[in-house]
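Input: structures, listed below.
Two complexes follow with subunit A in common, the first pairing it with subunit B and the second with subunit C.
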Partner chain A sequence: MTEATAARATGARLAAPALSRARLTWLLVVPLLVFLTVFFVIPVGLLFATSLNPQTIGQVTVTSDLTLDNYLRFFSRSNYLLATGRSVALGAIVAAVTLVVAYPMAFVIAKTAHPGRNTALLILVLAAMQLDMVIRLYGMMVILGDEGLVNQMLRGIGLIGAESSVQLMYNFLGVVLGLVQFALPFMILTLVGVIRGIDPSLEEAARSLGASRRRAFFRVTLPMSLPGILSGSLLVFALSISSYIVPALMGGFRVGVLPIHIFQQVAEGARFQFGATIAVILFLLSAGAVAIYLRVGARASGGRA
Partner chain B sequence: MSFVEFRGVTKTFGRAPAVEQLDVGIAQGEFFSLLGPSGCGKSTTLRMLAGFIAPSTGSIHVQGRDITHLPPEKRDIGIVFQNYAIFPHMNVFDNIAFGLVERGEDAATIRRKVGAALEQVGLSGYDERFERELSGGQKQRVALARVLVIEPHILLLDEPLSALDKKMREEMKFWIKSIQHSIGITTIYVTHDQSEALTMSDRIAVMDRGRVLQIGSPVEIYEQPRSRFIAEFIGESNLLPGRLARADGTTGAVEVAGAQVPARLAQPGLSTGAEVAFLIRPEQIRLEPWSADEAPMLTGKVADETYQGALRRYRIDAAGQHLTVEVPNRPELAQLPPGADVQLYWRPESGLALA
Partner chain C sequence: MTERAIPWPMMALAVVGFAYMLLPIFVVVLAGLTAGEFLTFPPEGLSLRWVAAFLQSEKYLSAFFFSFRLALMTMVVATILGTAAALFLARSNVVGKAALRAFFLSPVVLPGVVVGFALFAFFIYSGMGLSRTIWGLWIGHILYSTPYVIGTVGAALAAYDDSLEEAARSLGASPWRAFRKVTLPNISQGIQAGSIFAFIVSFGQFEVSLFLSAPNAEPLPIAMYNSLRYQFDPSAAAAGIFAITLVIASVLLTNRLVNIRRLLGRQQGQ
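So, the complex of A and B:
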């Protein structure tokens, strides 16, 4: 059904005088705008405003007395700049690792034609998202801790001494592992959608033109899944740099990324204005990733104007 | 031995067979069509030959070699898909170069061959275009160039014209046929459009529900259909219920619409008294105003007339049976208004009795 016939059908169902197309559109768009304003525009606006207010410990202030002091402070302290770099590196590494792990899984799910098996695989992926993050992270601790399964196994097969252990948690590696398992379903679902959307006759055409299965994958399927790779990586990057719970639990507050600093400023120091400043910078990092994605994505899909 | 041979090929998806006991031989250089309604197993047949799916039973041979289990990239068979399957992330040049790159040709050879292929399909200068910048007919040409440039020894075309508008379709029909003719490549053409099959093919296999019903030249298929289904599927037809009044060998007479008319027999085994369908094509009938002089095959009344430009199509009521008659639109032929009494003539060999 085309849009036009859909609109006509809807129009026919509504008794005369029928709603015009434009009115109908407004009816649908207005709630969305209200929602966005209340839950996104206003909070982010307040965050910006707070960050531009002078530091007053213990008080949230939004006055017209604006200053860039908080930002100057942020950019003049090397530990905040280091934290920014750490966050960006973390987001990039997690996105890359997640992509490498997720792509084969997504490929298998997308190519499973049998409807029952396909649904089962998707449910498995979704089930991983059903559990609360804190519970999943405690599960990971059982595996990755100094006395965890991995270390016990390594000792068992004699790769490390009986008294020693490999540090898999409370460091950068732990945070990466935690975030990868957190981000995996998002990446898989994004990729499954894109891989499924690739016309199978393209791969068949490649095959009959002389490409092996492998060659067809690298010359057709992989380049055609680039939009999904980009949007999935962006999503994972944004999720990773803004995650607080994973660095807190898996990094034991020892991996100083921006969300940890925000928490320390706000919850420990009650410095709301400076906390807001770091939050704004984190927000701009995510927005920057979106901007890059939009530009690269447009070029990948053929540079449509 | 045929160039391409299907030997007892059956393909079953789940329960119902999509293709059943297919035994077909195709000669080298032949333009062979698979014709049948949608869902009858044409694409499945083609896809088994291309190597995308494996037969459930039976085997496929090319030049005497069993290729049933050969992967598609080793078959040297080119295929043009219904939706053309142009790689959207590559420009026209890279699309056409795809197979040459896979064959490890050097850059200079690739440039030369792609250039020649583009010229052959009339798209010189389109190298840099992307799929979305091409019309349907141009995509079609790119798809064909991409296949022909690797010089496969079999060309498969799966409903290649169905996505084009009518005018383009006519043009491409003759274009494809002329290219096929000039390079002499063995071609298997899938279509549900009988007029495409009739105009382009050396031979046609008519399929229905996974089975081949008849194989023959366009003339044989049109003039000696072996069943009612084929008669109705190919071209316009008048199929009238009748009874075989006389049968001697390959000819006989049929009682139809209150008269007895001569007929060829589609099946040799038909015996007198058998219920048959009498086939007479609309364009085979000559229509005359009523006169007492000549003995017509049938007499009737004009029920209505449709003006179609090049022809007039009459519906004739003959003793309760309706016949369609097509008359060329020429001024010297009498106008026959609805209600007029008419006489229907045709050559005795034009009528066919079908079991």
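So, the complex of A and C:
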């Protein structure tokens, strides 16, 4: 009886601060909500609206004159359909190549038990990720260009003639190589967490039942990393199709993907409405991949918990 | 360790992967320090002539300081907005918190060119006079830097026991005092690490700057891109050396402040 009274009294005392605390907590999120509404939601919303206005060169303002003309134009021109296909294919290829390159790196990081070495490897990945992409592409261009280090070496050992060169960039291959460089750290960081989360005793159990080390890896560890592989690939896909700088520098504007078309329409042609249409299509493609990524991530962590 | 030792084919592939990831960065450093007109293999020798050229070039040096200033401005706002939002996400039980969190983090993975274009058109349309100024770039950079603060401070808050602040409150401390005296000291290293991230993300930002920059408001990545389109200028590589040093210093500093292994481990668990 006395206990219950005491509990009720404590509850009443806690309720008052809890109420004001909830209100204070809401105040914390108001600045960011306002900022994102004004400078993210509204501008992107206006972009959607602009894409529904008839094409008027040089005009930026949104009007109430709605039409689907820009979308009809987009989907009836092979030029833009090809660019969409190229962007999607590029994203898929880059995701696959990045996965193959990143998996062994993530595996080694995840299995390095020594704390100092493990931190050192993670610092390398994080530094590469944070470094300005233009600087990394400068390095890629010095290595892969017609007069670059690879071609100089091939000439030096006599594999190709003194005047000839292997075309490693200013084409689709160059864009793939550049995007893999861009996406590697994101894929590695996604995979490290998943590989580390796999219980090592499962692989040990497979081995003690007579499976070879290879077989144990391909039958146990690799399948168990599938959630990470899927979410990492979706993330890399979304990042790759969005990149302007990599196709611009590594493709030399010869690989016409969606971001390149957007810039050309707007900055060179002042065609805001049609540029907005391509931008909306790219935005939706990217947001779609991110939405699936979030669902996969939620299911993966939900399963673990 | 013997049973879990890394098989050699895996190790060999990982070495190739690390070479692919790091070689271009190494090459930029060499290109900035080469004695010749451009980098050859084998290199012609080392000199500081391009570093000197960068330090005397109007174009790159002013772009470097422009980026530095922009990154500092971005860091201040992103740290405040991001820390407050991370506190909210850690403490509120509102329905749809996961969706709100995804919304806050979403700018990072959405196309920067599209968001930059949307802001550019919005600035013209609304007559705010922000297009092609440092203020417009500032807003774009805050969008892309704040999520990193939310992630880093969120990790610090997850490792911190919320009941400490409640204890201070129940002993009569005002909400602000309890926060400042109890919670803030416990998460301050996470906030510092988050602000370093915000700085570096802004300093290297290219995509969102593309539509928002102008010849008199030109961050370093844009200036380097404009020159790279036409020629290999080794003084751009020398500028790169300074940027690389800045990034490595920041990541090392971050590692002193927070445990990088735990920080990255937690973000995967999200």
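Throughout what follows, the second predicted complex is superposed on the first by the 249 of 305 C-alpha atoms of A that agree within 3 Å, B and C clash if a C-alpha of one lies under 4 Å from a C-alpha of the other, contacts with A are read in each partner's own complex, and residues count from 1 in each chain.
What we mean here is this: a contact is a pair of C-beta atoms (placed from the backbone, for glycine too) under 8 Å apart; a residue touches a chain by one contact, two chains touch by 3 or more.
If you're wondering where the values come from, they're calculated on a predicted model, not measured in any experiment.
Contact with neither subunit B nor subunit C is seen for A:Leu82 once the two complexes are overlaid on the shared chain.
By the touch criterion defined above, A:Thr25 lies against subunit C but remains apart from subunit B after alignment on the C-alpha atoms of chain A. In the superposition on chain A, A:Gly210 makes contact with subunit B only, while subunit C stays out of contact range.
Contacts of A:Leu66 after superposition: neither subunit B nor subunit C is touched. In the superposition on chain A, A:Val266 makes contact with subunit C only, not with subunit B.
When the two complexes are overlaid on their common chain A, residue A:Asp199 makes contact with subunit B while staying clear of subunit C. In the superposition on chain A, contact is made by A:Gly156 with subunit C only, not with subunit B.
Once the two complexes are overlaid on the shared chain, A:Arg219 sits against subunit B while remaining clear of subunit C. When the two complexes are overlaid on their common chain A, residue A:Lys111 makes contact with subunit C while staying clear of subunit B. Comparing subunit B with subunit C, the partner in contact with more residues of subunit A is C. Common to the subunit B-facing and subunit C-facing surfaces of subunit A are residues 204, 207, 213.
Touching subunit A in their complex are the following residues of subunit B: 50-52, 71-73, 75, 77-79, 81, 83, 85, 87-89, 98-99, 102-103, 130, 132, 146-147, 150. Within the complex, the subunit A residues that touch subunit C are 17, 20-22, 24-26, 28-29, 31-32, 35-36, 39-40, 42-44, 46-47, 50, 60-62, 101-102, 104-105, 107-108, 111-113, 115, 118-119, 122-128, 130-143, 149, 152-153, 156, 180-181, 184-185, 189-190, 192-194, 196-197, 200, 204, 207, 213-214, 217, 228, 235, 238-239, 241-245, 248-249, 259, 262-263, 266-267, 272, 275-276, 279, 282-283, 286-287, 290, 293-294, 297-298, 301, 304.
Within the complex, the subunit A residues that touch subunit B are 199, 201-202, 204-213, 215, 219-220, 223-224, 226, 302. Partner subunit A is touched in their complex by these residues of subunit C: 1, 3-4, 6-7, 10-11, 13-14, 16-18, 20-28, 31, 38-41, 80-82, 84-85, 87-89, 91-92, 98, 100, 102-104, 106-107, 109-115, 117-119, 121-122, 124-125, 139, 142-143, 146, 169, 175, 197, 200-201, 203-204, 206-207, 210-211, 220-221, 224-225, 228-229, 232, 236-237, 240, 243-244, 247-248, 250-252, 254-255, 260-261, 264-265, 267-270.
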